[in-house]
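In the two complexes below, subunit A is the common chain; its partner is subunit B in one and subunit C in the other.
Presenting the complex of A and B:
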């Protein structure tokens, strides 16, 4: 007995490297990416570059956090970019009501979108990708109609606060927002029963139903959280730019968010949500974008680089 | 038992639920068709039918490939990017003759498809992410190769231009090719060993492997097929526009998935048919045609209505027990 145990430990030790890469592929990739850029990208190792990366990654991170729960439950939500657009434009439109109401209206609109998506998925038992595809098209349309597809500029220092304020003159408000968002989603997925239900549904939907999980409510909860986070991302972006553009905001955001979640190690077929992994995934995606910009490499090359990194990350953890 | 009773029993035996379940796309198409006929005067004309068929044929090729991919339980997001590269290449080589400008892009499409297949089978990356990555990379290639500019087709290559704009017996050539492709796809899916293997792999991959099917090879072939068909769509589009555009096919992957799903193919794989995809493609073409005839709908309202109609069709289908494998 004791001998067998020892033997298994020793075999484990011989393949330790493989296990190590399986488990820590994303952080390792991130470290490689950062080291590479510190050496080769001029001005990369600079505090302003870091703040820039952090400011720019906020929207992807917020959407990707929601997407982590969605993907962990075995679903997918490709409507998040459109939800960003609708809450951005409607929030900016309702600035007449005051700053706080405008933010709340934006969040509410996003949550209602999520409620609608979740209801349809849960009630009619349709695959999430098929539900969120028409929603993606339709919600973007509604967002564009809201202001006749025109750019909506506004001047509201109080509203812009949540996108432009800097603590101690340096630290962007986004850093605080991201820390809170990551903490909340981490708490939901790792400490609350809700998080375990999400994982159970992703692992085995039928079994989770049979064990008495109210899958109906959990599904609705997941998509409300995902949409609300996307809406919040849209509002912050709107505040940062002091303008809402329903055509541009959140375009292709769903792909970046999904890629970040996948790179971060949450299994695409459902299972344990890896919230911290998602943070690493978002950092990787964002650093690629920023580094390509800083090196004056055309945007088009960043597509190819992103593709290669996504494949590398998933290949490294393929045996999981 | 008299003959009337027999007839009644026969009618009762006709399973309406099953009919709706199996032919949802056909029924939706007929409803939309009748609606359009009564609502728009210019709809029921030969010229309009020709135009609609020509317009949908390119989406049709992509959707046929997508149906194969979805049938094996995969998904291919790279089709739009492949279409763009193929169109650009076709426009660049069209002065060497129409055969060259078809074959070379299709070969490129096959290579892209094989790359997808390798990522999915050998590197074991889930299809959504694998083809998302190749979608980005191939689009990048299209931009890089063209400097983000449209590539004009040599105006001397008349036969190449005819491919997209010409007629045979008064029918647009792309429409003829699309209908031929659908017939071939139906035959492959129903009459060949490969077709049965596709359904088997999509239905239960592990069981198929145990039964000795070469699952990886089948998947590779299907992704290659999808790449080839998308490339062919790109060739036709370039021929029709007289130019290969690096932005072409943007978002087509979603439209093709929508057409496939409306056609009754289950997104989880193993269930579906190509006649359904045919009507799925026609439904999308019909909706766009109605938008054009309405005339006063801007593109945003078109998107809202398209989203609502797609959602309605999907929900209606799920109610007949169709898409309910969630």
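Presenting the complex of A and C:
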């Protein structure tokens, strides 16, 4: 064993650089992106810009964290945007029950969506994209019907607290929410048996089954977590805006979430969930959106820029 | 045979992160020669072949083919030079038909569209020449591993290869199929096509090969013509120790000592089309072998017992209690473990570490409130890495980077750490070199003496004779014979497979 370790020293420099880029492409890209904006985007290097980025990235981050587990298991969940919407509208509608019940009802609705999706995937062994596609359409539909496709305004300072509160007058509550969410999902992925099972199933499903992993429960667990996080994202967004709009909330969120996970380095074919990578991925996507905005570039162009950066990131960390 | 050199690989070196796989290896293959490449797992055979065929690029060294230097940086370049490979893990497309697979990437075209008639005709010709009778339009995955391999060889032949590399071509074949393969190899020789032949079966090497190159730890430790070397010399060169240790011996076995407790009893277990009503008992602490030709239903039977597949009928008793056929996780709870035939597809989790692979099944026991105890985990892993002599730079190495024998040991460790009552081993030594093979057979013996029952499937009769107390012979989905250790002889088993004697007991 000692002998093989010594041999590694003879590996030459170029290979080390390749490995380095392969491993750290996402943070490196993030640093480049930030440096570029600090120099070229007016007012970018400003504390308020940072708070803004952090507030706005919360919803993407929460859905992307769930998506990290889903993708690591070899699946995909394109219904998360719609789950955000249904949580948002039902939670807002339930405000009559009180603030805490309203939040819990929103989360419960999301979790039930996840349970349903997970059950179908696990029980009938249908590919996740085929299952979540009609879910994306159907759940959005139900969300819209719930309030006749109307914007639902409300006035509840206590509810809005979870989207607008600022610690020490400056630090948005979202920062705390994100730290907790990242810590929890990181813990699940890296310290819990559940995380091992997710990775094993994504890497080699047949072997996982023969090893005695309860694939049925793990799949359901994954989609419940993913949907619940998406629902939570919907609730926070609703609280921030003091309004629920089932037509708009979470629209195309699944794409941002998937892109962030891919950029963050979780293999799209399943395998090790890279939770920290996902955080970097979300930051990259959000910074592009904000920077494009601040430079008064039209939204449509921002999509092109986003696409280019995503491709760059994927190229940088491609395998060989 | 032509005395001219076809292939000359000159001082090839190749490193991977953490390991120097090849250290200046030479390989010379003459025209029309069958050249054996031997070595233990991890000796560098596969790496050398992958360098030759363009899967890996060498760090140093040169390759000459027909006296011209060639650069095989991609598999396509290697193919164009006339080098074709039959890989251990078949690189065919399971969902395409046989003829599509043979001509994949080189479709026979007529006016811009595929000429299916010509494709099928040509495929049929090639397979007929090889003596393989199979419907060329059938889907590849519906065929046995053996047929799939023949298709792979047919593909190489159809490319007009000058050099065909066969990486463990016989590991998944039964004796009859090996004969067919050897006929095919002889035909290749007659056409002055060279073959690099990798196998762990000494008899095969001595039967079919002309010359041999022996690798050990990434270096060439021997080159010889087959006629100038003995089996013992070869083996001792490969493993670098006294060869007398490896000579197989028959198991001494005492019927009176045998427990009468049955761990597993199956009655009339059925799953069409491979298993047609099999009764079998596995006793406590016994090694029961399942002999039979490939496709006889042995693997399918084992999978039914473990719950990997569900049967259509029959009864299962575990420790005397009637049980439902269920999922693998239920079988595991009842104290079973299963090492599948195909490690890569059903055994290892390739990108996970040695540590995670070993502890995957036992995680619930290492977990408190869903949290894995790393200390416990590492303790177990260290114990089994040592006990099974798993060669890995460290326990966090991805298991896909280990050699076949060490991967198999990892899977064995996965089950052994569960303290199982019954281990089902499907071809446990497939694709494993002599040294590791002996280690694994010793392990099986160790298991039995620890009162763990073993149900073992193997295509190698010698190996069954070495390891088993009792052998059940399966033919065409039925048990046709049962032999006790003292009756176990190659001839007896062969007879039973061929004639279908009823139990001698």
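Heads up, the rule we're going with is that the second predicted complex is superposed on the first by the 308 of 320 C-alpha atoms of A that agree within 3 Å, B and C clash if a C-alpha of one lies under 4 Å from a C-alpha of the other, contacts with A are read in each partner's own complex, and residues count from 1 in each chain.
Heads up, the rule we're going with is that contacts are C-beta pairs under 8 Å (C-beta built on N, C-alpha and C of every residue); 3 or more make two chains touch, one makes a residue touch a chain.
Fair warning: this is a prediction, and the values are worked out from it, not measured in the lab.
Once the two complexes are overlaid on the shared chain, A:268 sits against subunit B while remaining clear of subunit C. After overlaying the two complexes on the shared chain, residue contacts for A:38 are found with neither subunit B nor subunit C.
When the two complexes are overlaid on their common chain A, residue A:142 makes contact with subunit B while staying clear of subunit C.
Between subunit B and subunit C, B touches the greater number of residues of subunit A. When the two structures are aligned on the shared chain, A:124 is found in touch with subunit B, with no touch to subunit C. Touch criterion met: A:303 reaches subunit B, while subunit C stays clear of it. By the touch criterion stated above, A:315 is placed in contact with subunit B alone, subunit C being left untouched. Within the complex formed with subunit A, the subunit B residues making contact are 119, 123-126, 128-130, 132-137, 139-141, 143-144, 148, 254, 257-258, 261, 267-268, 300-311, 314-315, 318-319, 323-326.
Residue ranges of subunit C in contact with subunit A, taken from their complex: 15, 17-20, 306, 308, 327-329, 331-333, 338, 340, 345-352, 356, 360-361, 363-364, 366-367, 370-372, 393-394, 414. Contacts from subunit A toward subunit B in the complex involve residues 76, 120-121, 124-131, 133-142, 144-145, 149, 205, 255, 258-259, 262, 268-269, 298, 300-304, 306-308, 310-311, 314-315, 318.
Residues 1, 4-5, 7-8, 10-11, 19, 191-194, 196-197, 199-200, 203-204, 206-214, 267, 271-272 of subunit A are the ones that touch subunit C when the two sit in their complex.
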